[in-house]
Amino acid sequence: MPILKGKDILHGNQFTKKDVETILKVASEFERELKKKDTLPLLKGKILATLFYEPSTRTRLSFEAAIQRLGGGAIGMGAVESSSVAKGETLVDTIRTVSQYADVIVLRHPRTGSAKEAAEATSIPVINAGDGAGQHPTQALLDVYTIRQELGTLKNLTISLVGDLKNGRTVHALVEVLSLFQSKLYFVSPDLLRMPEEITSNLRGKGVKIVETEDMMEAARASHLIYMTRIQKERFADLSEYEKVKGSFIIDQTFLEKLNKKVTILHPLPRVDEIHPDVDAYPGAAYFRQMRNGIFIRMALLAMIFGKR
Amino acid sequence: MPILKGKDILHGNQFTKKDVETILKVASEFERELKKKDTLPLLKGKILATLFYEPSTRTRLSFEAAIQRLGGGAIGMGAVESSSVAKGETLVDTIRTVSQYADVIVLRHPRTGSAKEAAEATSIPVINAGDGAGQHPTQALLDVYTIRQELGTLKNLTISLVGDLKNGRTVHALVEVLSLFQSKLYFVSPDLLRMPEEITSNLRGKGVKIVETEDMMEAARASHLIYMTRIQKERFADLSEYEKVKGSFIIDQTFLEKLNKKVTILHPLPRVDEIHPDVDAYPGAAYFRQMRNGIFIRMALLAMIFGKR
Amino acid sequence: MPILKGKDILHGNQFTKKDVETILKVASEFERELKKKDTLPLLKGKILATLFYEPSTRTRLSFEAAIQRLGGGAIGMGAVESSSVAKGETLVDTIRTVSQYADVIVLRHPRTGSAKEAAEATSIPVINAGDGAGQHPTQALLDVYTIRQELGTLKNLTISLVGDLKNGRTVHALVEVLSLFQSKLYFVSPDLLRMPEEITSNLRGKGVKIVETEDMMEAARASHLIYMTRIQKERFADLSEYEKVKGSFIIDQTFLEKLNKKVTILHPLPRVDEIHPDVDAYPGAAYFRQMRNGIFIRMALLAMIFGKR
């Protein structure tokens, strides 16, 4: 029975280890096939709707490209100001509307829990493309796809997650998936932006080894991989707090020379200044390859949701 | 000879009774076919352009989905601020431009009469998707499609139209179409937002029975169907007038219990608070089914405009 | 060997006379074919990404229509405010991102030189759709296509370029292409908005005869064709300077009567008031035909970039 058929994609903790392995396998198959041709028309006639209540480049465009490479089409709500949201429509009413026109909905919304609320309001599958500081499960899947591609395995890795661990939905989703693979995790953040206690204790409960620190060098020395994140200005109610912590953790040539060992670097992007452009040519800098993998993972998820793999 | 081939869709009064019946028949056929498959590729290679100078979710997305389900594609001007409108281009020049690239134009614009002006500026068909407080004929057609679906007939019905009858383009278009079917109409609105005298007297001239009232309960008791509309904040120059009348007419559980008889409820959506969400589960609440019908009607209109039905 | 295969389209000076002739030939072939059918599916499965950091109607929509008429699809970044640009992402990072999802990028950006910068950041072809006051080469090609169509030849023509020659990227690109065809050029502008000295002397070096004047009538009398441009408010840092020069040069019925000879009029559009609408019916008013040619030229360029012509 196809594992994701008709399902929502809402949270990093919804997948079993077997699910993740199957998704990565399908993505990997699609990556190979796309080297030979431009499209894999498994979803001809299917319409994907994008509802982005927050800015996006990567996630929205990669979903739109993914559905097109699968032979389907996309429709998009566009900017919130140009939609009926501007007339006061609730999320639930908008979701019910779009459900009448599309076969799957991709939602980004500033409120944690909004994707679940949306999924409950409709019978068509909803994919959470970021709900506030909550989750971003398709990013987590492309992240582990990249980790396996770069390091050859997902098992027994030591990984540093750096930056805004409090508000960062990508790391919130990623640690759920990593918890399936016996990882040791370093949580590197300013005190103000620590991983929420609830997540940390839940992970520990699942047997994940966690070290919390403000020392990025110490963490990097112990790690196979550093997952950098942006300090997200838009999540701060008080901008003076943002000013205090922005630029806390930066990877540049100086840092890499001091580290003096090979490390793999990921970042969900966009970056502001937490990874200096002079790092881009470093062999371990995998964040542009990571980005490309978004297409394969999202194609895999869409194909599986429609029971085509 | 195909009745809409090459024609503009501008005004609710442009259709004969026979036209309406043919359009509903085609829409009904498409509804049946879409239960069996995702697309009906009658319009392969056709390009629909959306020009929305005012916010929209339903109308734009349902047109984009409709052309895709017919095998064609869509291009969109996007937000006014991102287009040459921002450089001072007139509507007529923009229409002439888009006419060079697309096969049909769907226009929403804040000025009454703008759709007609657009149609005169180009030789390709223009579909009026709302011109200020003027008309919204494709909405009227999906409304009568829904009425017939819910009530089994369009003839000899008593219908209450409630809310902003002065500025509401959906009701202005709907009454034109209903006037073809021996309806009795209750116009329920605050005094400030009454149906324009010109429309009312024109309808009476066609033999439509009209009762104007501010008593929604009285109207509802006499009616087979209540057509609610939003008090549209964006049409008020003076916001204090908006404050006076918003929330004048609300359907909720209490109202329905007091009414104590089955009634069908439509709404063009979005709603703000004129229909309480606790009404959504009421069997007569047909506004989400109504919305879905937008796809079938718009597919029917597009297919007919290109002579494919 | 296909002349544009895999190439960027960045600058009017990148084309040889032979290149231009080949592009016009392909465009002309496509124009003929599109009279017979809606699409020429040479680019099935190809995805074009539009990144417009400045407003556009014509250029973006004609590229989107062009790729669709060739059987491919489009994805778009949409408004800058709704993209990761709003989170502080650099142009280079955005380009690298979009390169992972699309097969060709069409970029409009307010900074001169940005298209070249973008092309250097990616291995997929970049098409410059306007870089600040720099270049707009696809416009130049559709302009010469129109000139040849209207006048039967490109050789030995006298052409007046009128308006904002300092900031006008369309004229900066056009003069590069015209310089291949023994043109005599009148540069008609207010003193403040003269063609940059660098461009003028470079053209003279190539043997182009140039007359600089503020007298539009004198220039028009000597010319086969007048190329009008808009005084672009958005290029003025000091709005009082804009007020001084706007409306300097206007073509209307009075001007044409005084001129008293047939002349062909082009304009890249949008216009504000530099060509009065009463000129639109004048047989030499070719600016709407010019606009239509954008489709054929852009289809030709896309097909050639992918080696399909």
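First chain written, first letter: the chains are A, B and C, and each begins at residue 1.
Everything below uses one rule, namely that a contact is a pair of C-beta atoms (placed from the backbone, for glycine too) under 8 Å apart; a residue touches a chain by one contact, two chains touch by 3 or more.
Remember, predicted model here, so these are calculated numbers, not experimental data.
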* Topology of the chain contact graph, where touching chains are joined (line, ring, star, complete, other) -> complete
* Where chain B and chain C touch, do the two copies share over half of their residue numbers, giving same, or under half, giving different? -> different
* In steps of 5 degrees, what rotation angle do you get fitting chain A onto chain C on the CA atoms? => 120
* Inter-chain centre distance, chain B versus chain C - centres from mean C-alpha coordinates, in Å -> 39
* To do: Would you pick out the residues of chain C that each touch at least 2 other chains?
  => 73, 78-79
* Structure fact -> Note: in the complex, chain B contacts chain C through residues 44-47, 49, 73, 75, 77-79, 81-89, 92-94, 96-98, 100-103
* Structure fact -> In the complex, chain A touches chain C at residues 37-39, 52, 55-58, 61-62, 64-65, 68-69, 73-74, 76, 78-79, 230, 232-234, 269-272, 277, 288, 291-292, 294-295
